[in-house]
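Each of the two complexes below includes chain A, the first together with chain B, the second together with chain C.
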Partner chain A sequence: MAVRMTKPQMINQQVGWCGGCGHGIIQRLIAESCEELGLVEKTVQVLDIACAYWSIDTLNCDGIAGPHGRPAAVATGIKKVRPDANVYVCAGDGCSYVIGLEETLYAAARNIPITMIVVNNGIFGMTGGQMCPATTLVGDKTVSSPYGRDPHTAGEPFDTLTMIQSLPVAFAARGALYDPQHIDETKKLIKKGMEYQRDNKGFSIIEILSPCPTNWKLSPVEAMEKIKNANQEIFPVKVYVDNGGDK
Partner chain B sequence: MSKEYRVMKGNEAMAEAALRAGCRFYAGYPITPQSEILQYMSAHMAERGGVFLQGESEIASMSMLWGAAACGERVMTSSSGPGYDLKQEGISYFASYNLPAVIADVMRYGTGDGEITAGQDSYWLATKGGGHGDSRQIVLAPASVQESADLTYEAFDLAFKYRTQVILLSDGSIGQMIEKVYLPEHKEHDKDQYDWAIKGYKKPEETKVKVTNTDRSMDSYEEYNQMMQDKFRTMHENEQRWENFMTEDAEFVLVAIGISSRVCKSAVRRARENGMRLGLIRPISVWPFPEKAFRDLPETVKGLATVEMSLSAQMGQDLMMAVRCKKPVYSYLTTKYIPTTQGIVDFCSDVLAGKVKELEVF
Partner chain C sequence: MAKAKATADTSLCKECRLCVSYCPKNAIEPLEELNAKGYKIIRINEELCIGCGRCYKICPDYVFTIHTLE
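Entry: the complex of A and B
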């Protein structure tokens, strides 16, 4: 009997991301996680404008997008009013770690039981590939660092999860998408975050190293290799906090 | 009216009236002279089963409100001066999806950091502002502690009637003033009654809610634009409110809101003791500006003057539009100082003696 490829029912439209982008994989991992945990009917997606925003139409669940950088605060408002909902954030690194770093850290500090998925592609994708102050590697050329990121003027990228590690959160981890094994591992992290939310353990954040071939000006395969060989040196794939069993 | 009264600050009366109107979500950030609203909510929101959050910023507080309002909850925040600037991002978003909210701006005086004392120079930001894009919010200006309670209570019903934000444009003097206030009845709000709201549970066949920059249930921007323009027009027509004070036979009419309007009442009485027939039209809604109040001014009226605590005539320009240049308009601008009764009377005497230039617009 022929094996046919299936897709999660939750994805109900064709997606609009560029070829080779990680967002499509991440959306699928989210949809599979919601379905396998039986949470689809309770799910509210909180999106940032920019690339994550596309799934407002392609994922068949209630959704909300608000001011750029504020989804952790928006999700806080929703979770407080609808505590039984499965409230997750999907947003980029510019949103979560640059303009919205304050909102991200305070949602973590308050240990709001939401699941935050941060797509770390090391660049501002939607606006055309500018440097991301939190995540662009030193030396990487972008349209706003055309000579390569210079740490003397632009500072160095930093690992936000080490900051979150100092806060009383339930779960903080980083995954990557550069090979099937890491994709599978990343899905487990997302599921764990949603399980902890369901069980009211507290705040969970899953950062995902994700390719942006369009703005990195690499082929999809080269982009995956860059994550494996360069980005994960600065942003290690690991679990930073797992306090889910303690409470 | 309930016989239950208390002696409270204007700010506290707003907070208590909000809770009685069914407000169950407040997020805000401290700033003088409105912090009593936040403090009152922190003390009493939990008693009503609601949520109080002290946000990490005004911007974050507005975003928390955006999430809670999208769930159909009755939500409120409050600020002043530079804090109110930071609300603008959120106000624009709320307007785009037509989410209801009540926002108090207890005006302080000055540009930049300015002063922490009363002012009225944020009038333009409240009435013409609303962040980027083009939107209108109902703006109500209380002039007493009683009115602070009454307008706050009503603001929640208006917010849901029109799916709009209602701005309560108080000032540092009305907010800090302590007076007797009769409080309205407690009522409960059912947040689950709206098809536009996130309910936290949806069956597979149910239509999902997409809370974003336009109403995505509509097919086109044309349809959305028409809906928005109709809403502005309806609010403008239906929600003009004002108080007439001794205007029937007036030869000169003062126009003022908040603390300035209270001093104007004293000035009207004092002037009349000396044979100068002043009157006062006190706008209660400042968006929509109560243009209807100026349609049929008595023939006796020789001119009008706004009394404002600002550097330039802000409400004065709304007044010029309202009288359509049929009567001369002046402005008595007292900047950071609350106007005095005699100051207003003297200004009116000078106007009637031909010593004052008509309002300059700049």
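Entry: the complex of A and C
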């Protein structure tokens, strides 16, 4: 009996996320991509001080967590001094699109060859489930919008990848985790981002629609359905930019 | 006869039940039994399992391993 699919070797401890959290799936996709591309020894993970931070213990590679919201800037610094390293960012939507929007956009504008993985779960997860201005859907109840997000007072969510589309980046795409087919597609996006980095083609960003059942106050299965039926309508799953041959 | 089968390390399970919903053959049974961490676990019905790997892909806690039967 041969093993066909099993936990990647790069993941060497139990994960600490809540049951049904998409971070665990994303960590597996990252580990499998690094292993399949033979980049484990060269990988430096740059994490945010939030739910993504658990990977610092569970992934067997070099890693650092910078100040909150600034992993794109920290990754830029690492890539400048270690251009051969496989530097990827794994951070949430609060970090990448709210607190650290500036860092994300300037890393994209300068087309720094790093791979940025943004976990879009539509909420500030680690801090207890507050509304994320960039990604919480109109009407969604959070601890800071208990009657549902009101666009008249809180504005509407926006698609950051359309902003990044106007910048000279190598790759920008959105994946989702709501079924095994989309999980496979998302892995291809992550792998492509790392390949573009290896070939020095420029900045790549992969946003992933991911569930947060704990803070959405849904069961894990209902949370996956919400991504499929609601989040995906506002944040379409597609490739925005693929300029692999430019640089 | 299926060419592959899934096995589960339920000590890692966190009771999300995603595998139960996503199994195309309804081969994963939710149990009331708890693991050491206090989460309710699952059991794979080997008669029904076809080893498609959907449980492996959807599981956030790496409970499943898929073996080929050769």
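By our rule, the second predicted complex is superposed on the first by the 240 of 247 C-alpha atoms of A that agree within 3 Å, B and C clash if a C-alpha of one lies under 4 Å from a C-alpha of the other, contacts with A are read in each partner's own complex, and residues count from 1 in each chain.
Just so we're on the same page, a residue touches a chain if its C-beta (ideal position, glycine included) is under 8 Å from a C-beta of that chain, and two chains touch if they have at least 3 such contacts.
Values in this document were obtained by computation on a predicted structure and should not be read as measured data.
In the superposition on chain A, A:T76 contacts chain B only, with no contact to chain C.
With both structures placed on the common chain, the touch criterion links A:M224 to chain C but leaves chain B unconnected. By the touch criterion defined above, A:V44 reaches chain B but does not reach chain C.
Legend: residue contacts after superposition of the two complexes on their common chain; A:P157 is shown touching neither chain B nor chain C. Using the contact criterion defined above for the overlaid structures, shared-chain residue A:G125 touches neither chain B nor chain C, since it reaches no partner.
When the shared chain is aligned, no partner comes close enough to touch A:G193: not chain B, not chain C. Once the two complexes are laid over each other on the shared chain, residue contacts for A:A85 go to chain B alone; chain C is not touched.
Against chain C, in their complex, chain A makes its touches with residues 1-7, 11, 14-15, 17-25, 28, 179-180, 183-184, 213, 219-221, 224. Residues of chain A touching chain B in their complex: 9, 40-42, 44, 46, 56-57, 60-67, 70-71, 73-82, 84-85, 102-103, 106. If you check the complex, the residues on chain C that touch chain A are 4, 12, 14-18, 21-22, 39, 51, 53-54, 56-62, 64-70.
The touching residues of chain B, counted against chain A in their complex, run 24-25, 27, 51, 53, 55-57, 59-71, 73, 89-90, 93, 191, 198-204, 208-213.
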